[in-house]
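Accompanying notes for the structure given below.
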Amino acid sequence: MVTFDFHTKIYYKDIDQMGVVYYARYLEYFEQARTELLNDIGLIVTEIEDAGFYMPVVEAVANYKLGARFEDEIIIQTMIKKVPQARMTIDYEVYRKKDNQLLVTGHTIHGFTDKENGQPKRPPKFLLNRLSAAIN
Amino acid sequence: MVTFDFHTKIYYKDIDQMGVVYYARYLEYFEQARTELLNDIGLIVTEIEDAGFYMPVVEAVANYKLGARFEDEIIIQTMIKKVPQARMTIDYEVYRKKDNQLLVTGHTIHGFTDKENGQPKRPPKFLLNRLSAAIN
Amino acid sequence: MVTFDFHTKIYYKDIDQMGVVYYARYLEYFEQARTELLNDIGLIVTEIEDAGFYMPVVEAVANYKLGARFEDEIIIQTMIKKVPQARMTIDYEVYRKKDNQLLVTGHTIHGFTDKENGQPKRPPKFLLNRLSAAIN
Amino acid sequence: MVTFDFHTKIYYKDIDQMGVVYYARYLEYFEQARTELLNDIGLIVTEIEDAGFYMPVVEAVANYKLGARFEDEIIIQTMIKKVPQARMTIDYEVYRKKDNQLLVTGHTIHGFTDKENGQPKRPPKFLLNRLSAAIN
């Protein structure tokens, strides 16, 4: 398993009139967190794209237990549990920093497509190699 | 079943560098669509809140088949299939208007909480009545 | 002068914990409104881009008088007052529909650039012609 | 003058189909940056609100010179030049970290209102004191 803890903070832009983070925002935190997880094992998304690959989300799931509030610091614990065959699953657990309270869990599943024609494609070798090395 | 077709259009604000709608945006369309479905059967979210209830999302799921593009018109077909007991499930199917292509499916599950103290609460009678009347 | 009234409605996604629309969101409404103004006089932004032009914002200004609230309907009155030379100025006035209260005013100024290399470019003839015809 | 350098990074959520940050997003960075500037001199926005004050934006201006791109790191240099009388002006300069290129400049002007009734109010003493101490 590869894991990465992405730290971020909640601002006004994120909060709705219930006084908690608007539910769609967590998908943005997920995206930031997975970008940094990949970065942490030497996979730069820009370089993956420059190599001709997109990694579109094909499924996103979030389960909301408790809402983060303005100026809360949160940690998005991000995990890739196995080397993808065709699709890559990434898991997320969002914690409130001050008391380690679990707020949200979720996952995204990503396909790999050809940047030029949008067709499905096998994941690039260098990505599989990096992930294998990091997971095992 | 209660259904409502919410029509909207894709703008620059929605599109990412893959040239398609950023995946979190569909959760915003879902929210707009369910607000209008409820509105359509006489349930105004502001009035539900004024009656002391919030309807926080406890689960959100989206499955992405094809991306909408800039200036596409899309239809979010929104459905409530049964009267909620404790939680209310709402289903969504997003179609591209010009060719009726299915782009995204998903659902949200909503709890009911007390606006003042955040505690879980049974759904308000007037909401159950309206939904019962509309569904049956 | 060319004018267009863009109608939209405020949803949860737009509202912050002050209970009013988050200030950055008005720039999204401005974008939707100008896209529809251009559309209304036969200028499709996608076609302008297909012709090789981008119209990046070089200045955005908003003056906030009163905040729109959840489920308010608003009208973005959008104006182009003169045919652009190098840069195109678009003015906006945002009104609350129910009582015609002025909420926000603002403008954006747009450059024209070559889609391929990002260099400044004179606005396309067909755009100038359409705007001239519509303004005069 | 009080200054603060807020560091952030550009993700997919921020980028539009021109391949640069969508113009409204800079107002979100401005908000994050000013929250941290205030924080840095001991003014927590949540505490200002708990003391009964909102600081709504009454004017926002951004001038766009060059667009930040995906995975760019940017620095929002944030400045308060003088102690507010009725309104507080905050200035921003956004730089690309890797080459110190200036991307965007702007400012926001904030009023002070009573959290309960929305009426204009003089800024709180503790805020004026902190700002005075920090500026002089």
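The first chain written gets the first letter, and so on, giving A, B, C and D; residue counts start at 1 in each chain.
Definition applied: contacts are C-beta pairs under 8 Å (C-beta built on N, C-alpha and C of every residue); 3 or more make two chains touch, one makes a residue touch a chain.
From a predicted model like this one, the values you see are computed outputs, not experimental measurements.
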- prompt: Between B-D and A-D, which chain pair is linked by more C-beta pairs in contact?
  reply: A-D
Query: Most remote chain relative to subunit B, going by C-alpha centroids?
result: D
Intercentroid distance (Cα basis), subunit B paired with subunit A, Å: 24
- request: For subunit B and subunit D, let me know how many angstrom lie between their CA-based centres, rounded off.
  value: 33
- prompt: In angstrom, rounded to a whole number, how far apart do the mean CA points of subunit A and subunit D lie?
  reply: 27
- prompt: What positions in subunit A touch 2 or more of the other chains?
  reply: 12-13, 24, 28, 31, 70
Subunit A residues touching subunit D - in the complex, by the definition given at the top: 9, 11-13, 28, 31-32, 35, 44-46, 70-71
Field: Residues of subunit A defined as touching subunit B within the complex
entry: 18, 20, 23-25, 27-28, 31, 54, 56-65, 67
- prompt: Mind pulling up the subunit B residues that touch subunit D in the complex?
  reply: 12-13, 15-17, 19, 22, 24, 70
